Every structure is written in structure tokens, then in C-alpha cells.
Amino acid sequence: MSRIDGRTPEQLRPVTIERGWSKHAEGSVLVSFGDTKVLCTASVTEGVPRWRKGSGEGWVTAEYSMLPRATNTRGDRESVKGRIGGRTHEISRLIGRSLRAVIDYKALGENTIVLDCDVLQADGGTRTAAITGAYVALADAVAWAQAKKIVRAGRRPLTGTVAAVSVGIVGGVPMLDLCYEEDVRAETDMNVVCTGDGRFVEVQGTAEAQPFAREELDALLDLAVGGCTELAGLQRAALDTVLEK
Amino acid sequence: MSRIDGRTPEQLRPVTIERGWSKHAEGSVLVSFGDTKVLCTASVTEGVPRWRKGSGEGWVTAEYSMLPRATNTRGDRESVKGRIGGRTHEISRLIGRSLRAVIDYKALGENTIVLDCDVLQADGGTRTAAITGAYVALADAVAWAQAKKIVRAGRRPLTGTVAAVSVGIVGGVPMLDLCYEEDVRAETDMNVVCTGDGRFVEVQGTAEAQPFAREELDALLDLAVGGCTELAGLQRAALDTVLEK
Amino acid sequence: MSRIDGRTPEQLRPVTIERGWSKHAEGSVLVSFGDTKVLCTASVTEGVPRWRKGSGEGWVTAEYSMLPRATNTRGDRESVKGRIGGRTHEISRLIGRSLRAVIDYKALGENTIVLDCDVLQADGGTRTAAITGAYVALADAVAWAQAKKIVRAGRRPLTGTVAAVSVGIVGGVPMLDLCYEEDVRAETDMNVVCTGDGRFVEVQGTAEAQPFAREELDALLDLAVGGCTELAGLQRAALDTVLEK
Amino acid sequence: MSRIDGRTPEQLRPVTIERGWSKHAEGSVLVSFGDTKVLCTASVTEGVPRWRKGSGEGWVTAEYSMLPRATNTRGDRESVKGRIGGRTHEISRLIGRSLRAVIDYKALGENTIVLDCDVLQADGGTRTAAITGAYVALADAVAWAQAKKIVRAGRRPLTGTVAAVSVGIVGGVPMLDLCYEEDVRAETDMNVVCTGDGRFVEVQGTAEAQPFAREELDALLDLAVGGCTELAGLQRAALDTVLEK
Amino acid sequence: MSRIDGRTPEQLRPVTIERGWSKHAEGSVLVSFGDTKVLCTASVTEGVPRWRKGSGEGWVTAEYSMLPRATNTRGDRESVKGRIGGRTHEISRLIGRSLRAVIDYKALGENTIVLDCDVLQADGGTRTAAITGAYVALADAVAWAQAKKIVRAGRRPLTGTVAAVSVGIVGGVPMLDLCYEEDVRAETDMNVVCTGDGRFVEVQGTAEAQPFAREELDALLDLAVGGCTELAGLQRAALDTVLEK
Amino acid sequence: MSRIDGRTPEQLRPVTIERGWSKHAEGSVLVSFGDTKVLCTASVTEGVPRWRKGSGEGWVTAEYSMLPRATNTRGDRESVKGRIGGRTHEISRLIGRSLRAVIDYKALGENTIVLDCDVLQADGGTRTAAITGAYVALADAVAWAQAKKIVRAGRRPLTGTVAAVSVGIVGGVPMLDLCYEEDVRAETDMNVVCTGDGRFVEVQGTAEAQPFAREELDALLDLAVGGCTELAGLQRAALDTVLEK
């Protein structure tokens, strides 16, 4: 039973994680899941938003966006429309929550890290690629802040690792890491965010064509946990290489 | 082990579903889950959005909003701010998807039903109360459209029923239908939308304080399915009474 | 000469004023003038807008809005359109000015009270119902602030009472408190805001179909003063009951 | 008892009405009430807004605005702020309603006239100067449309004339046509729009400092009718001169 | 070889510079280049934008706008559209840069001058008329600030004079100061801003119909420098007269 | 006399033009001028904007944007701010005009090509890199449209080539293709757009620190023409390679 692109149901697309993509950002990663390419940059600034001042705690947030021609047909720019769409809001919030799940605000101190995830090319799974890449950019930014003493000596703002993957039921078969064509045809679509030790940060499942049963849900969760574990390994490998910048 | 308001972990708050609340709307329900009160109106219009014209298929969409003082401290109006916030977008989209899961577009014909869910008073679980109430308003609106022959004779646009409930882990204990105070303290928070026959339409779980394990997820799903089944019974009972309008 | 709904020309619709509607707001009233229902909440916050800081004086303001399906056909949400319409602006400003006419800013101290008037169901006269209900919510909020010592002991921020009613000439006959159907057919339409002692706070008369003569204006003013006096009695009665909250 | 600028209470400021100010517009007037100067242009376009198409009836509307430094201290541009303020909306609507009161839509045919009233310099009474000047620009635009046969032969779209003036109680004395300094100190402020035959189109009275009694209201209405009659004479005189363009 | 309006190719239109047009602004000029009329006001405020605080340096900025019926057909107001168009942005920025070229920020001290350039009537060359007039309003505002001791004694914030003119190639002939009809037909269009001593502040040339050669560019620059020199003389003459205000 | 990065004054930075970067767009180029990297995509759609329908002519337009962390410090997203800034507008318009200078609308037929130029990394000269890269993407898109018969056989929509470069005076020395650090210190800054045959499409020079003399302008124009000629050669070379896609 082979898929559109020849993969087995439980197989990820080829994943690459290219660190140090940008000369300006404190952390930057060009991540690709197959033809999906997302540029993730992490920007560190001292200080926190007003509502958090004086708390001694830091903040991590994210913004997701797609270039107009990242997709098959050109989409209007949200800057030109003058408003952020619901989908963009939703994904930005998801990425932010996912990364905050592995942040110790106290250890970060009153500093802010903004993750910008800009989709350069889309082929399904842009939000999960974004989370997976943004984690690596975040790790680089945290290391930078530690080296610069912006984070106090001995503090470890990162409490774990986080990665994400999509799963879905296509033609009755639960599959890992859907590409766009599979995503369009999926009866059920789920995005799962896991920590490196296999626990859940987010589970978002949606019945596209028809409601799904508990067993289907269980099968999808199994696939997703496997995929996230594999991605955690790739993140670790990427971070283990020495980055010359 | 009793809760803040004396309930057991697997107990819903008192739920009321008041049909025919508005004299203008084709369907209207004032739903309450404890102190959470949401006014749900269903508006039927002939015709569909431009992108759907000529398809022979209908459309169902939803808009969620909160009155500024529905909450404990007053929030700014989104109309005054000039933009819809991310949370509002996200919930509006969730309600729309949930209701579309039980709609047969072909049977509806080229008609549009808009569900407006306005939170008059908030005490946790506003989105799940909104979905549960909106389903009943939708059912009334569909019946109205059938009676007015806007939906063709013999067509049944509703393919099932849908209800929603929140679950969460508070102080280590999985609980059903969190009130605001529980929600704030929850380590994990999940919203589950089910059809009347116990299948899933949406599952959205978020680790608030720390990632959750598979067994916790399973316990929460069990609780949620039970709650939705109970709500489906209350919806049925509400729809079975004769509405004099 | 009887009206659409059987009233005499100088008769108000049935008016109800339900205090303590909301568990969160410092003052809250569900007011109805016949089928027109407006939820009025008063929110007290310590401090004043920037331009008033250090003056020792308080501020009272109002925001008016209509639920999308408060009316016979659904209107687009102003939050979705991204801008407040002229009518909404105009009515919000009218309500604010009307309530400020009975406020002693010095006695209020540097505190702000915001009145939110949300029309749940509309059948003509929504702005006059809003003013009449908002006054009662304001009175409750002031009493709350006095009890909480936010307003200094001995200070009386309220200098009088205020109510409002619409009048108009329909089929050549001056009438009090127009319902929607009468309003649509009115040749002249006037909203009058009076204090409890029968003086004017606002007079806004508009020729809809044709200009009106001085005698017609005089007859409308007579009717309006009578209506406001009656409403002042209903406000007093509502405020005289003990509110258990 | 003389006023700030030496006038008697029932005296208008010097009023000038300069027709044909603009080379482009179908009607254009630079009107001044003392130091208040408003440029009013009338633009004729064939066709009507969508909601009026096929009715055989025309439309007249108005937009009011102030240059940023028309006033004593510079105000931010509404175009830069990205939204029209409540006051601007309110005045634009008032001007539009006032002019529509003397328009026969059927006679106008499916044509639209837009009146732009831009305040070049403000010294109180900008909305009343705008209405008074805009009427003259409208009359010129209607004459132009008749000459161009855009309005059918024999049709008379104008059913009368309209002018406006402010009145107020300052230091206990009812006064006509307040300048800015008087306006700021007025206890009561009223704008009155009358037809040339002395009937009312709009009456908008507001208690600024304290509620006003019926006798005060009556005195103000008397003053306003006198002022509007005088303005109607000036409009007639301006329109009687031959305009060389 | 005579032009549409009888001028020679190197001839300016009749230029008038009327100072002291507004009673409120610290500097104000009604400038006309033929039928193009722009009202330029200069507003002085103590203090500077946040990003410049504490620098000891002042700021000068400009906003350009057109009245809706300044042109042959009515344009929508940018305030109503809710956004500033690209052309408006571009011209506002150009005017601001041009004036800042002759400002010594240190000498100005922490004060801000805003130039508002509102086109009352347009017939080509509105941006160049705006710069030329705004310089004179700026000079008056600086003199006012010196007289009021807002600028410290002995400081000279103006380091020179600045004027602007359009040039273009119409029908193969390089021409100075294009009117609208010439502008529309121009193959190449250039706006040049010069100081009074003949050096360049801005050069903006655009090929409208086809790319232009170096010799054409040179001819246009020659014409423009001549025009700016003539305008500088007119500015000086205007500023040399005694302004009674 | 060597520059910050070792170049001579008349030397370009290393320029790369990578065609076929995106799998979706009809033309796509990743262009780099040193560390400045811009992704240019060309999107072809049949049909033209409403104002051009029925003309038989096509349309070409451009949108420029910068990723938030393309620069040294993070900038707010314009989509989040809800409005396009003046600089963005200005550059988008410049790119559009530059490309339209080499388009024959008739030959293009009623088709639209949108060029999206997104700056991934900025180091000065982003607009000139964008124009240079966008031309190549445009050429690929036109070839695609010809191959797909969207452009009629025998028609040649491209009438020439176009490239752009910045020049400036830094420390008194005229220099070609400024990097960010040079740009910041430049006394005069100019962007020049030329066709492949050395004629001018746009010339935009701005005095940053002080006005510039005619000889300086002449020296800058000489440098720019040389740079554009060199860029035209690189564009030709890039287009001459066979693109496998």
C-alpha cells in the first residue's frame, strides 16, 4: 500500500534542518518537510511586554505567515488586506503555545524571544514544519542569550524539546506527515505536538469528511508519537553539529 | 473528592436550553452551562457566498463574540479595536466546522445559515456551550426552511446531532465541564466535539502547565464522550417540546 | 384612534427593568420597552483616561451595539467589518452625554464608569431604552463604588435621574414611544432625554418625510416630557426594590 | 448687553457665500460665518448606489471633514488614523439628511450628488455653515444637471431651500450663531436646520452644563428660526447673481 | 512652439504665494501654480516624537492630501477608505525630506514642525507647489518660534531655502512646470527639488511612455534648475513683505 | 581607496540569480546582491483588473515586502499593524513601474502578471535587487504564458530588459551598489533603473546629509549606467541557461 510519493503510511517526508540561515537573527533555520519550506528566525530582545513587566519572567511568542506565492495559486497579502486571517492567527497561536511548553520563564528572565515562521513554499504540514524548525531556532537563540549573559549564568530556559507532525486518514488508511494532495483528500486531519520524551503538548484533530471513531483516533495518535520521536532525533542531530557563523 | 461547586469530576453543570428566545431569528436558543450564558441565533438566507454559486450546495458558518462585560473585568470591544482577535477567529471557525459536520450541503440547497453565538455571561466553557446551543438553533432554522419550502421537500439537511464539552486535568484529577475557576487552574485543557452517536468531530487538547501523557489523554476522552452523550440527550429533549412562537 | 399594537397615542409600551442581570458587572439591567430588549452593564474602574489624569475628576462613557440578529434581517458585525458605523457612534455618544448630565465628576473622583448597552432584540426605540436602562445600571454601580469606598464617603456622584423616550408624528398624529413599524412610517421622529424633574438634556428631532411646523414640535415635546416623567417613576420603583446578589 | 465680538444676541456674524470657487466641481461655494470658512463642492455622477438601482430615484449624500490645522491646535488626520471619528460621522449624516429634505428623488432621476464640506478654518458653527453653503452648491449642481439634460426637462429636483444656524445659552442669555469662544462657554448648545419657509428639518439641542427648561428651549427656537430666515435671504441673493465660469 | 496655455517651454505658470492665510497656524500659505492651489500650514509644537527624545534635536515632517473634488472627477476620501494610498504616502515623504534638507535640527531644539499641504484644486504639479509653499510657511513658523523664544536666541534653524518644480518631455519637447493636460501626455516626467543656491535635494524622473536618454535627462535638469531659481526669487519676495496678522 | 568590503568604488557586490526557486510560481528567482537576498515570484493569471477589462491590454504589478527579521533588528509585520507603510508602498510602485517599462500591454493580452518581491535578508539595495531579479522572473513567466498559449502566438510582450542599481556618495566618493553600512553613511543616495540599452526608466536621487551639485549627480549617473549594463549581462546569462523544472 504505497502513497502518492511512494512512502509507506508511517514514513516521514525527507526532512532537512538548515541552521544559521540568516546573518541577522539570533537563531535561524530553514526547515523543509519534503517540498514544504519554512524560514524560522528567533529574535531576542531584552525586556518583556508591558503586562509582564516586573514579574521577573520572560516571554516567547510566534508569528506565522505565508508568502503570497508559497501556494499553488497566489493568495492576497494580509498586509494589503489590512487584517490577519483566522487561519494565520490560529497557527501563530499554536506555534507560540507549543514553544512556551518547553520554556522556563523564570530562567529566561525578563527577555522576549519572537519566532517568525515564514512559509516560502507550501506542500502541506506548514504548521508542523514551522514548530519543528522554530524549536531549533529557539535553541540557538537561547544559547546566544546565554553566551551574551542576557540569560543569567546557570539558568536553563529550555526545559525540553518539542516537535510536531500531521497525521490523517486518507482513503481509510491512517498516514503520517501528509503532503498537500493527501491533506486535501483526508477524511480526518490531525496535528500533534509532542515533547522529546513522547508526551503531548497539543492534539488537534478535525473530521473533514465524516466523524471519526475512537479506534481511528488511537491509531492516529500512535503514528504521530512515532513521527515526533523521529523528528526529535533530527533536531538533536542538527543541534549537535557545530554552527560556524 | 468534590469540586469547587460541589460537583463530582464526571458531572456536568446544570444545563438549560431555551428555544425561541428571539422574535426575529429563524432559530434562537439561550443556552446556559451553569453561569455561562450564550445567545445562539440562526439566520437563514437564500443564496450562497460567491465562491459557492452554481454548485447546488449550501453553506453554514458561525460567528462567536463576547459582550464586553461578559467577563469579570471589562474587555475592549473588537468593533472598537477595529479587528477581530485570534481567539475569536479560532472559536468562530471551530463552531462553524462543528456544525458543518452534520450538514448535507446538497440537501440544504443553495441556502446559507449563519449561527451567531454571543456570550452574554462567561464562566468557562463558552465555546462548548455555544456549539451545543447553536446545534439546536440550527435544527430549528432547518425546520423553518423546510416548512417554508426553501429546502426542497423530502430533503434532510441535518445528518446527525452535535454537542461539545470541555474536559481538563485539575489538581491531577480529570474533570468534566470546567467552570472558569477550574479552567484557570487546569494543567491540561481539552475541548471535544462529538456527534450524537459518540464519534469525534473535533478534539483540541492543550497542555497548559505541563505536557500530558497518553493515559491522561485517554481518561479525558472517556469523560468527554460521556458528557457529550448526556448533552445530546438534553438537546433531543429540548427539540422534542413544542415551540409556540 | 388606536395604534398598531392597540395603545393610545400618549401610551408607553410595557416597560420592564430587571436589575442584577449579570453576575460580573457592578451594575447591570435588562431593560425592555415592548419587544425592544437591551442589556445595560456598568463597569467601574479606578483611574481615568490619560487626558483627565490629575484633574481629581471622574469620567462616564458609553458604548452601544446591536447583536447581528437583533433585527429582522441579519446585519454584519462591526467587528468583522473592522469599523464602527456612523449610527453606532452617534448613539454611543448620545448615551454618554445623557448620563454625564447627571454626574458630578468631582464627587465621582478619578474613577471611570463605562456603560455597555447591547441590544439583544430591536423593535424601535433602542437608544431611548438604552439610556433609561443604563441610568439604573449606573445608579447601582455608583452605589457599589460608594460601598467599596472607591467613591469617598459623603460624596454623591449622581445629581439627578435621567430617562429617554422617542416621539413621532405618524399619519399626522403625534405619538409616544414608537415601535419599529411606527418608526418606519413616521413623518417626524424625535428622541428626547429628560431629567427626573422634567428638564431637557437632549432634544433630537428629524423630519423624515417633510419639514415640521412649530406647533407639531410643541406637541411632540409635551408628549415626550410626559413619557420621561413616567419612566422616571419606573426607574425609581426599580431602584427601590432590594437587590439580592 | 454686547457679545465677545460686539454683536447683539440675535445677530449673525458677517456671512459670505462665494459661488464658483472651484474650476472642477459642478457646484462649489466658499462660505464663511465670521472666521469659520468651509469649502463646499457638489459632485454630480450619473447612476446611484447599488441598493437604489432600478428605483428611478436619485441620491444625495454628504461628507464633512476638517483640515488638520483648521483649529487652534492641530488635530490628527482621520485618514492617517485609519478611521472616521464619531463627530465627523455625525455631522456628515446631519448635512446629508438636511439636504435630502429639499430633494425630490424622483425628479432627480437615477443620479447622485455628493456634497463635500471641508472646513478650511474653524471658529464655531462649522456644521451650520456647511449646510448653508452646501445648499447653494447643490442648487448650482442641480442647475448644471438640468442644463446638461442629466435631469429630465421639466423636472425640478429642488423642492425648497434649507439653511442652518447654531444657537445657545451663554451666561444665561440665549444667543444666535455662536463663535468658538461662546460655544465653549455655552450652557446649552443647539443646531437648527430650517427650510426657507420657516419649518424645521432638524433640531438638535444638548445641555452642556446643566439641563434646560422648556422656556429656554422656546427662546432658542425663536432665535434660530429668525437666523435661518436671514440666511435663506443671503442664499437667495447669492444664487440671484450671474455666475461667470 | 507654444504650449496649451500659450507659455514657452521654459516658462512657469503664474505663481502666487499668499502668506498668513489661516488665523490659527504658526505659518500658513495659499500657494498657486496656475490653477493648482495648495493650502500649506505649519504647526509648531514643543517636544519631539518618542524616538527622538533627549537628543536635543528637533523634527520636521509633512502630510499631503487632496480634497475629494480637487480633481476633475471626485476621488474617495482616504479617511473613508480607512487607509492612505501609496501616492499620498510617497508625496508626504518627499515633502518632509525636502524641507528637512534645509533644517538644522540642533538649532531647532526639541521642537516639532508639521507641514500640512492640502490640495484645494489640482491642475498638475501639486507636489512641487506644495514644497514651494510649505517652505514659506515653514519660514514663518520658524520666525514665530524664534519670536516666542521656543527656539533659543541666536539659533538659526533654517540653513537655506528650498523650492520644487516639475519638468517633462511632451511631444518630444522638454518643458517646465507641466499643467495636468501636459502631464498626462508627457513621455517623461520629473520632479526636481533644489536649494536656493542651485544644488539638488531630490531628483525623481520617471519614463512614462518610453525610456529616456542621457541628453534628455540633462535638458530636463537644466530646465528644472532654472525654474527653481525663479521660484526661490518669488519665495524671497513673499517673505520680504511685512505680514500683518 | 578601498571600501568597507574591499570593493573598488565602481564595483558591484557578488550577484547571483537563481531561477526556478519555487515549484509553484510561473517564474521565480532568488536574487542576491552580496548579503541582500530577495525572493521574486511571478504569478500569471488570465484576466485583468476591472478598470482594464475589455481593453485588450494586460497588466503587470508588483508587491514588495520584508520579512520581519530580514534586518538587523526585528520590524513589526505590516499585516499585524494592519497597514502598509509608506516605504513599502513606494518601493512596490517603483518595481511595478520599472517592469511595465519593458512590457507591451497589447502583446500581453488581457492577462495579469504579479511580481512578489520578498526580502529574505537585507543588506542595502533591496529595491534594486528586487527589480533586477523580478525582471528575470517576469521573463520566465512570459515564456511560460507563451508556451501555454495564454499569450497569443507571435506576440512578444517583453520589449526589452530592465535592471537597477543603487549609487551614492560616501565620504565624498561616488560609489556603486551600496551595502547597508555604506548606505547609512551616504551623503547622497540614488536608485537608477535602466534598460539593457542604457536608457533610463527611473532616476531617484535624494540628498541625505546635504544637497548635491550637478557634477556629483553626473558622476553618480555614470556609475549607475555602468552597473546596470553589467547587471543586464548577468540577467542575460541567467536566462540563457536551460532551466529544468
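Details
Think of it as A, B, C, D, E and F in the order they're written, each chain with its own count starting at 1.
Keep in mind that, in the parts below, contacts are C-beta pairs under 8 Å (C-beta built on N, C-alpha and C of every residue); 3 or more make two chains touch, one makes a residue touch a chain.
Predicted model only: the values in this text are computed from it and were never measured.
Least step count on the touch graph, chain A to chain F: 1.
Averaged C-alpha coordinates give centres for chain D and chain E that are 33 Å from one another. Look at where the CA atoms of chain A average out and do the same for chain C: the two points lie 50 Å apart.
Distance between chain centres (mean CA atoms), chain C to chain D: 29 Å.
Within chain E, residues 82-84 each touch two or more of the remaining chains. Chain contact topology: the protein chains form a single closed ring, every chain touching exactly two others. One ring covers every chain here, and the order obtained by setting off from chain E toward chain F is E, F, A, B, C, D. On chain D, the positions that touch chain C within their shared complex are 83-87, 89-90, 92-93, 97, 101, 160, 190, 194-195, 197, 199-207, 210-214, 217, 221, 225. Note for the complex: chain E touches chain D at residues 22-25, 28, 35, 39, 41, 43, 45, 63, 65, 67-74, 77-84, 88, 114, 116, 118, 120-123.
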